[in-house]
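Here come two complexes built around chain A, the first alongside chain B, the second alongside chain C.
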Partner chain A sequence: MLPGSANPGAPAPATPRNLPQRGGEPNPSAAAIAAKFGKSFVRSEVIWGDTNVYIQASAVSEIIRWLHDDATQQYDYLSDVTAVEFRDAEQPLEVVWHLRSLPFRRFLRVKVSLDKRAPLAVDSVWPIYKSANWLERECFDMFGITFTGHPDLRRILMWESYREGYPLRKDFPLRGRFSRAEQLRQALSITTEGRYSMEELSVAQAFEDLPEDMRRRLAGGERTGE
Partner chain B sequence: MATKTRTVEVALGTAGVDSDGRAVRTPMTVTENGSVTTLEPPALGAAPELAGEHMLINIGPQHPATHGVLRLVLELDGETVVRCIPHIGYLHCGFEKIGEYRQYNQVIPWTDREDYLNSIGNNVAFSIGAERLFGVEVPPRCTVLRVIAMELSRIISHLVWLGTTCIDLGAFTPFLWSFQERENVYNLLESWVGARLTTSATRVGGMAADIPEGWTDQLRHFIRTFPKTVDECDRMLTKNGIWIGRTTALGVMSANEAINYGLSGPMLRASGVAYDVRKDFPYLDYETYDFDVPVGSNGDVYDRFLVRVEELRQSTRILAQAIDRLPDGPVNSSDHRVILPPKSRAMSDMESMIHHFKQVMEGPRPPIGEVYVPVESPKGEKGYYFVSDGTAKPVRWRIRPPSYVNLSAISKMVEGHLLSDVIAINASIDIVMGEIDR
Partner chain C sequence: MGLSHTTPTSAMFGAPHQESWVTTKLDFLVNWSRAKSLWPMPFGTACCAIEFMATAATRFDLARFGMERMSFSPRQADVLICAGRVPFKLAPVLRRIWQQMPQPKWAISMGACASSGGMFDNYAVVQGIDTIIPVDVYVPGCPPRPEGLLYGIMMLQEKVMREKMSDNTIRNEMEPDPESGLYIPASRIDELSEPFGNSIQQTRSGL
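Right after this comes the complex of A and B.
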């Protein structure tokens, strides 16, 4: 549990200095992945002192599970899940996992390249790390990547009825896809139920219990008190 | 006509409820003219069926105890939370998207507005990350000034946390004390960078400004007086029965759960995991400072409070060491790929003029690459992840928001607790919605 406990002989951590852009000491986990998952391992590189490991999309769950469980790896902490889309439209979209091993004080960046012409889908790591819950939801919300196996893959920062697409994709213009007039029109036509999803709250029957006039107003999308 | 004397004895005080949740009634005795009659309690009917009646409570988005525009939908069984569904995104501004259309130095003002209680700390975190991407080293004076900036902003953030949490739990006085001290720190920042909240104090490769003359004396004065306030708040709360009652055994996260849920900062350390980025993945030469990492044992709201109060003291220790070692010299890197050369040289020296022109017209350009540099922000592990394709604007600028990940565990923490405890647990996460929604 104590950071560094699995590797007591290691020198005390220090602020890195004069890191080379490429090359340097690779994280030993990269070679371990290459040896154990030969076919699913694509390549690895060291960049500004951090190790990137590229793996096949089909092996994400398996390899990250192994990195989490294996006693020689112990990547117990998931810092971040995110994605990168490059300006060059030909380049594949990359999904990035930032893994951290507290017992070994190691940091590993695992990457998967997704072809943009195919459906964007990759395994969820939620069964391994609960922290992936919102991180994957955000990645889905912003990039449209489906994380298969995620228990509750909904939009998180944008609202449920958001129709303009995925904001962090490069084909999404900075000011939004729709004109201001259309954005305003959509904002004004939002129904109460769109915002306060009755189904999600499993109180759909509560709607039936409301007084008749209230039901009529809600169903008609009428806004009150605004 | 003789009056009858009639005495009725009723056992006072409720003996509690039985296993079905029905009130237990004690038998009454009635003494009438000497003869004692014991009355049996009236037979209770069938227990009312309350189990199926769940109530929905909507807290927020506009609610003072949610510390911003957080909306919590709570399903209650009586007063116990059965389910909690958090909704966020009301403050979403697309910082990451905007960052892809700005040069690196132009992104720095956005970092102020993200975790706005830690703005100068975000500036520093951004610059450290960008400098690694550019391959630039900063002079020692800049490094020490940045340590001072980070610890001052940690003090600000923890003081706001302390004050607002006290208000949430009904203690008003520590709020005034901590906000008074926060004002002192803001005065220090104002005399350094000219702004209180939105500091934009750093640049890639240095600082916007060196500290003014006499500033270290003001800081020394603050370091002398500040621990007194911390001690006062400590005395007021730590052994206060009401405070302990409202905070202990709430929102408990075990060490393994805390790691698995990705908690960081005081939230993680309160659960007994001594993970502090300053110690484990140091930056800004933090390994050369002498300070302790406070760790809790129970992982409840009370431990989070203790950890944060102790961190205030440790930050003061770091500040004292930083002033003592503050070296003389420039605050900006001499690498003119990122820092403008002096105006006089730009007008007389050909190379400086080219650098000046390139920087102003195109902006500094990092080589192709990517970095993720985590720092220990007051909320936890904050990191900026940059991906560069060699142009002057990042391809991807990602904020790893600590309070976003910390907040994602709120459902786990509040379920099974009472409604009034939700406020305490939510306060203990120390959320800033600007950072969560970005």
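Right after this comes the complex of A and C.
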């Protein structure tokens, strides 16, 4: 018996072989979502043995909250939040959540289609999974999707004063929008201490424990980045 | 004492058990002592740094050239070895490290990415670190083998050996343009980073 399993009698997991591209045994969570959230459920499909569930953007936090909390689902691990933009300009942009249920040994891919003509916004799942914090920041940085309810939605890979747009969008030129010299000029004008100062590293909470001279220098506004 | 000896070897080193002395040019002596004890500052960002580590390890043994002491503080370093691609986000960091190094200092650009951006001709990667800091030796390769880096280091040593104390202009710190922060004009940076045979509007989807 595998410890921690929600299904003690289940056989030990084995790597599936010869999976069809489409079709096959769906994840039972897909049918459960369709039954419980009929209005918000769009469709589901099985691709290479993995189940994709398409849902309405308005129901994201409700359905993912249920997948996380419900005793029959127990999706306790969010492994990725990302997005897909297709080459055809009229096709909607998709936001993808990769959910994993460790007790049931299930994998579920939840997708939402966002119309590109409207502002790209979807609910944050940060209140449910804390790991969504940086994943959603990365998705915002690369695709420009706003995750409403995110506690600190700012760029994570590119620097914060980056002004050229969202690099993984299809309308973004591979080499960026500005000339090389302008890109370099903007990059060199970043003040590294501005971001990575002692204050930024939450020394403020331990301020009283610091030596007296360091407290005096920090209180005087001195940067101690180097 | 020394002048009484006639053969060159004994003039150089003196006779055994006697006081020894040497005559040479001051330039040669200073350059020799600098070139044979360059302390590298490793700035490794990618797979080139793995080759750099191999160069420093036992089989290729960078210590043979007086470099066994890696200087992880730029303030004690002589030569900056930039091994790997440099994204734009790292450009001010590399510039800052270079400015923290005291004169005399040299820079080696190791590998295709550091020298030209390499295969990463995209929005995120600096197209050659010579747009950020002045570079003395470029080592080609993707990544260069340790022999390649050693050859680059030996070329740098040759360059150091040719310096003259009478010419102190090479010791002048390059000051970037206060307006743009660049060493070289913007038009030349654009020209240098132009792709070969491609237009600047090139994208895969034609959008």
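Just so we're on the same page, the second predicted complex is superposed on the first by the 183 of 226 C-alpha atoms of A that agree within 3 Å, B and C clash if a C-alpha of one lies under 4 Å from a C-alpha of the other, contacts with A are read in each partner's own complex, and residues count from 1 in each chain.
Heads up, the rule we're going with is that a residue touches a chain if its C-beta (ideal position, glycine included) is under 8 Å from a C-beta of that chain, and two chains touch if they have at least 3 such contacts.
Treat the numbers as computed from the prediction; the structure is a model and nothing was measured.
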With the two complexes superposed on chain A, say which partner A:188 touches: chain B (first), chain C (second), both, or neither.
-> second
Determine, under the contact definition given at the top, whether A:12 touches first (chain B), second (chain C), both, or neither.
-> first
Which partner does A:180 reach: the first (chain B), the second (chain C), both, or neither?
-> second
A:87 contacts which: chain B (first), chain C (second), both, neither?
-> both
Partner chain in contact with A:134 - chain B first, chain C second, else both or neither = first
Winner on chain A touched-residue count between chain B and chain C: chain B
Of the two partner chains, chain B (first) and chain C (second), which one does A:171 touch, if any: first, second, both, or neither?
-> second
Is A:158 contacted by the first partner chain B, the second partner chain C, both or neither?
-> both
Both chain B and chain C touch chain A at residues 87, 158-159, 167, 172, 174
Touching residues (chain side chain B, partner chain A) in the complex | 56, 73, 75, 85, 88-89, 92, 94, 96-98, 101, 132-133, 135, 137, 255-257, 259-263, 272-275, 279-287, 367, 369-372, 374, 381, 383, 385, 387, 389, 391, 395-396, 398, 400, 404-405, 407-409, 412, 437-438
Note which residues of chain A are touching chain B in the complex, please.
-> 1-4, 12-15, 17-19, 21, 47-50, 52, 76-80, 82, 84-88, 96, 98, 102, 105, 107, 109, 129-135, 138, 142, 155-159, 167-168, 172, 174, 200-201, 203, 206
Okay, in this complex, where on chain A does chain C touch?
-> 87, 89, 158-159, 164, 167, 170-176, 179-192, 226
Along chain C, where are the residues that touch chain A in the complex?
-> 88-89, 91-93, 95-96, 100, 121-124, 126-127, 131-132, 176, 180-182, 186-187, 189-190, 192-193, 195, 200-205, 207
